[in-house]
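For reference, the structures are reproduced in the following blocks.
Look at the two complexes coming up: chain A is in both, with chain B in one and chain C in the other.
Presenting the complex of A and B:
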C-alpha cells in the first residue's frame, strides 16, 4: 500500500491529525530512523492525555484564555488537590484549519511560512525541498548551507524564547527579560540581514528571493550566544531556578522528539538522519542529557544555542554564492514527496501531493504534537505549581496543531 | 446558704421539665441556664464563697473559680438549649440525657469531695454514652469508644483520689501539696476528656463527638472539655505543683495543639473537624495552665495572673465559639443530609447564619478582636515573656512551645476557612425554617464578638478569681495608653516592664470606622456579583473541600500516611491517623495475647484460675497498703 494513500484518505476526510501506530504501519520507516523504532510510535489523534476519575477527583480547567498561557489551549487537569493525577489537553479550542488543497505552490508556500512563524524557515525548507525534488531542481550546496544558517538562527531564537519563558515561570524575571532582550537582538539581526524577522519571503524555489549579506553574521550571532552563556551561568547558580525545574515533568518515552528526547538520553536528531540539508558536511555535536526532566530539556536547549552558533560560524565560511530563487510558476509539478527536518521542538515531517501544479494533499506532522503528548504524560504526578515549568520546557507551539484542508 | 441548692434546682429543672415534653425541657433549659449564667456572673464579681459538708464524704462549695466556670458553661447551655428547641423536637431520650449531662456538670463544679466529684463525672460520662448510643444512625463503635475512654478517665481519677486519700486521710478536697506523679495520674483522666495527648492521638474524641447529635456535640466539645479544664485547675490549685508538672502540661499542650490543628485541617467530616479543633483549643488551654503553674512556682505572680486571665479568656472564647461552630455544622448537616463537607453547597442564605458562622470560625482561627484572638495573643505573650525571664531550659521550652502554638494557630485558619467557606456558599434546596437554630447561632457569634471587644471588662470581672489564686489579680493587666482610655487596653508585663499591648475594642472600632468610611464614599452598601472567569469558558470548576487541604496531606504525607490507590484511571487518596493505627495494632496484639494466655494458662484449669485470682488480689492489696 502506498503510505500516502492512508494519509490522503485521512486528510480528505477532514481529520486534524492522523494516527500512526505500531510497527506494521508502512509509514513507519518513512518517518522514523532505526533507533527510534523500539516501541509503539505514538501520535495523538487530536486527543492528548487521559481522564482520571475518583471520589474526590475533579476537573480543574486551565485555559484557553488565561495569563499563564501564551496560546489558546485548554487543559483539563484532573486532581484532588495539589497533585495532577492526569491531564487532558484540548489544543483545538480555537480551531484553525489552513486550506492547502487546490492551492498553487506559491500560495501554499505563503501559508506554510505562516503555520508557525517561529518555525518558518524549517517548514518553508521542507516544502521547497519537496518541490525541488519533484521539479528536479538540483541540490545546490550553497543554498543548503544558507538554509542551514537560517534554520540554526531560527533554532536559537526559539530556544531563547523557551528558556526565557521557563525562567519567567520559575520567577526569574530579571533573567527572563534579559533573555527576551537577547532574542529581540537576534530577531533584529535576522530582520536586517534577511528582510524579515521571521524569514518570511526569503526562502524560495531553488534559491533565495533576496540578496542576503552573510558576511559577519556569525560574529553578531556569536555575541548573542556569548551573552546568553553569561546569563545562563547566573541562572544555574540560582537554587530557586534549578530546584523548580529539576525533577519536574519527567518524561522518558521512546516516542519523544527533539530536545525532549535528547533531554531523556535518546540520541535522536533528524539533522543527522535526514539527507535534506548538508549537515553531514559539518562537524556537529548533539547535546544529550539523561534526566528527562525540565532541567534536562533546558540544558539541551542551552547547549544547542552554543552548537547552533558554532554551526552558523562554520557554514558562513562555506557559503560562496547562493543562487537566486526561480519562479515556481515556471515549472509544472506532479507527484508526492515526504521530507523531514529537525525543528527546534523536534522532528517535523511534511508530505505533499501535487497534481498539475496544484496541491492535491498536504500533511505536516509538527513536533508540538508529540511534545504536547509528552507534557500530558510527564506532568501527571507532579503538583500544580510544576505545570508552568513542564509546559514551557517543552516549547509547544499550539498554532501548528491545527488542521489542513 | 441557699445559693447552691437554688442553682442546683435551676439546673435540674430542665430534667424535670422533660416529663412535659421535649420542647418544654429545652425551653426550660434556655430560661434556667440564662438565669444561672447571670447569677454566677454576679457571684463571681462579688467574690462569693460558700462551703457545705455533710459527713466525711459529701462536700459542695462555690468560689469565684466555680462561679466563673458556671457562668461560661451555663451561657453555652442556654444557647444550646435554645438551638435544641428546633433541632430536636421529638427525641425524649436525647433531651433527657442531654439535660442530665448538664446537671451532672453543675454538680461537678460544686463538688468538693471525691465521691461527689466522681458521681458527677460518671453521670456525665454515662449520659454522654447514651447521647451517642441512642442515635439510630450511629453504629455501635462510637458510643462504645466514648464509654471506654470515659471509664478510663474515671479510673485515672479514682487512682488519684485514692492516692490522695491515703496521703491526706480525707475524701474531702484539701490543700496539698500532693505528690506530683499522683496528681499527674489524675490529670491524665482529665486529659482523656479533653482528648489531648496522649489521648487525642487515639482519635477517640473526634469519633465520639463527631457521631453525637449536634446538641450532644456541643455538650462534649464546648462544655465537657471545659469541665475537664476546670477539674485540672481545681486540683492544680489544691495541689500547688511545681515546674515539673507545669513543663509537662506545656509540652503536652503544644503537641496536642499542633497535631490536632493538622488533623483538623484535613478532616472532611463536618463534626470531626470542629472536634479536632476542640483538642487544639484544649492544647492551648493546657499551655496556659502550665505557664500559670511555672510562673507561680518561679515567683512571678504577675505573669501567673496574666496566664490565668489568658486561660479564662480562652475558656470563654472556646466554649462559646465551639458551641456556635457546632450549631453551624448542625445546620449544614441537616440541610445537606450528609456529614461530608464536600457534599455541602451551603447551609442557608440567612444573614444570621452567615454572620454567626463567620464570627465563630474567625474566633477559633485566633483572629483579633474576637475572643479567640485575644486568648491566642495572651497565650503567645505569656510564652514570649517566659522565654526571656532568664531560665535557659524554660526559655527553650517556651520557645519550642510558642513555635508549635503559632504554627498550630496558623494551620487552624485552614480548617476554619474550610468549614465556613464550604458551609456558606448558598443554600440547599427545599423550604426549611431553622429560624431558632440560626438565631442561637447568631447569638453565639455576637457573644464571641462581645467577648473579644469587651475582653478587658471580662478580665477585670475575673479579678476575684485570679486574686484568690495568685494574690495579685488582673487589674494590673488592664490599663490605657495615649488616646486609649483606662479599661480598654490589655497589657502584658515582663519582669523588665511593659511587654506588649492590645486593645480589642479599638481594633474593632478602627475596623468599623474604616468600613464605615468605605461604605460612605461608596455611597451604597451593596453586594456585587460577578460571573467567574474560568479561562474564558462558561463551565465552572468547583474546588472541592478535599482539594482545599490536600497540599497539607501531600507535604505531610509521613504524618498522614497519605496513600494513593489507583485502579485503571480510578484514583483515590487516603490518609490515616498514625496514632490511631498504633492503638488498633496494640489492641489486636493485646487480644491475641489474652487469648493465647487464656488457652495456655487457664484452659479449663480451676487451679490456674484460683492462682490468678490470688495473684490479682495480692497485687491490689500491695497497691492499697502502699
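Presenting the complex of A and C:
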C-alpha cells in the first residue's frame, strides 16, 4: 500500500505530530500501542472491541440497519446465549468519507456542520475559531458568549435525547415521552430564535449570519430545565429504572472523556482549558459522579442540563451586540491551527491546515471514538438486555466516526 | 404511576393539531426559499439557477437570505407514487444510508407526544419485512449500498421508497444520492426536513388530502 493513500489528516498533540491514515494501514497498530496510554488522546483503527472464542460461543450479529438503532452500525456480539462475552463494533458501514482537502472555507464550514448534526454548533465553532485565528479576525467577546449560548443549548438538546433514549430502553415509556416532548420544546425555541433546529448556517466567520434575538431566551430555556428536573425526580423514584441502569456497562478507563469520564470520577472538562470560547469568565460547576456505570453517566448529564441552563442565563446577560458574519471569501488564509471544545459526548479536537485559502488537511477527533471504545469495553460481562442501557448512556453518534479525505 | 398521570393532566394536551390545522412551529430555513425580486446570490449547494430553487439540492443554510426568503410552507414533498391501501395502517422503516444524524432524529421525532404519528395510523417497523415504506436518509455511503438493496428487496409489495433530506435526494454537498441505487417514489426536501414536512409527505403518499 502506498503510505500516502487514504490520509485522513494529521494531529498535533503537545510537541509531536501524528499522521493518521485510513483503515487497514499497518501503521495504525504501531501508533495505537504507543499512544493508547495518553490520557487525552487515543487513536482508533476503525475496529472496536475484542473477539471471543471458545466452544458454544457464537456471534450474534446486530445491524448495520435495524429498528433498534438510530444510526447504521454493526455489532458482533460474542455470547453463549445470555451473557455478553465481548463485542466488536463496526461503524464503517455509513462512513461518508467527507472530502475536505482542496475545498474552500465556506464549503468546508457547511460540511463540518453536517459531520454530526447534533454537534453542529460545536464543530462549526471549532473550525471558525481556527479560521478566525489564522485570519487575525480578533476575539469579539459578544460573539464568544453567543457561541457559548448556542453550544450549551445544543448540549441540553443532546442530553435530553440521551436520557430519553435511556429511559425508553429501561421501559420507562411515560418518562421518555415526556422528555422527548421537552426536547421538542427546546428545539422549537432554537428554531424560533435561530431559524434552524440544528443551528445550520447560523455560525459565521467573525460573527453570526443572522440577526438573532437573544433577549429572554434564558427564561424559556430555564422553563425546560425546570420541567426536566420535575420529570427526573419522578424517574429516579422508579426502582425499575434505577435497578436496570445501575451497575451496567461500568467503565473506568483513564482515556474516557466527557460525561463518561465525569461519571467515573475523573474531573475533566475541556471547557475550562478551551482556547476558543470565554468559559473562563463564567462561574461554572463540573458535576462528578463516581460509579462509572450507566446511572452515573445519566446523573452527570442530568446535572449538566441544569448547569447549561445556568450558563445560558449568565451569558445572556453579558451579550450586548453580536457582530454580523464577515465574508470568508474576502480573506486569505494560510497556516495551521488546533482547537478543542467540550461537546456533549466529551472533548473534541480539530486540526486544520489551510494554504492559499484552500483546505490542505483536516482532522477531527470526535468524542464518539472514545465512547464507542468505552461501550465495547464496559459491556463485556453484562447480559444482552443491558446492551441498550450501555449504548444509550454513552450518547454515541456514529456519523462522526467516519474518515475525511 | 399516579404522579405521572397527574403531571400529564396538569401539562395538558401537547399534541399538534396538524394536519387539521397549520403547524405551530416551522424552522423557516427548512422551507422553500423564494426570490424577493431583486439581488443575486451564489448558492454553495448549487441549488439556485435563474432565480429558481432546486429544492432537492437546497441544504437549508440560509446563505441566500439577502435575495431570498423562505415561504414557510411545510408542503414541500413530491409524491410520485401513492398507495391508498396504507390509509388506515401504515408501517415505515427508517434506513440510514449515511446521515449526519439529524434526518434520523427528525424522523424519530414523529413518535414523540407532540407529533404522535401513531394517532394517524402510522407506525415504525423494526424490520423492512414488516414495513410498507422505507424512509431512506443520508448520502449513499459505499458500505450501505448492499444493505439498502437488500432492505428494499425485503419490503413486501405494494411498497414505497422515500428519499428524505437533501443528501438522499441529490447528494447535497457531501456525496451521492440514494437514487443511484434505488428509485424514490417520494422525495422530502430539507436539511434536515422538519417533522411536519415528513408527516405531510407520509400523509400525501397514502392519498390523504
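Here, the second predicted complex is superposed on the first by the 363 of 405 C-alpha atoms of A that agree within 3 Å, B and C clash if a C-alpha of one lies under 4 Å from a C-alpha of the other, contacts with A are read in each partner's own complex, and residues count from 1 in each chain.
The rule is simple: a residue touches a chain if its C-beta (ideal position, glycine included) is under 8 Å from a C-beta of that chain, and two chains touch if they have at least 3 such contacts.
Given the structure is predicted, the values throughout are model-derived calculations rather than measurements.
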item	value
Touched partner set for A:64, first chain B, second chain C, both or neither	both
Chain A residues touched by each partner, larger count belonging to chain B or chain C	C
Partner chain(s) touched by A:138 [first = chain B, second = chain C, both, neither]	neither
Partner chain(s) touched by A:54 [first = chain B, second = chain C, both, neither]	first
First, second, both or neither for A:317, with chain B first and chain C second	neither
Contacts of A:383 with chain B and chain C, given as first, second, both or neither	first
Touched partner set for A:191, first chain B, second chain C, both or neither	second
Partner chain(s) touched by A:80 [first = chain B, second = chain C, both, neither]	first
Common interface positions of chain A, toward chain B and toward chain C	64-66
In the complex, chain A residues that touch chain B	50-66, 74, 78-83, 85-86, 383
Residues on chain A engaged by chain C in the complex (per definition of touch)	64-68, 70-72, 92-98, 106-107, 110-111, 114-118, 120, 161, 174-175, 177-178, 180-181, 183-184, 188, 191-192, 195-198, 200-202, 209-210, 230-231, 234, 237, 397-399
Chain C to chain A touching residues, read off their complex	3-4, 7-8, 11, 14, 24-30, 44-45, 59-63, 65, 93-106, 108-109, 111-115, 124-127, 138-139, 141-144, 147, 151, 167, 172-175, 191-192, 194
Chain A-touching residues of chain B, taken from the complex the two chains share	342, 534-537, 539, 541-544, 546-551, 553-554, 569-573
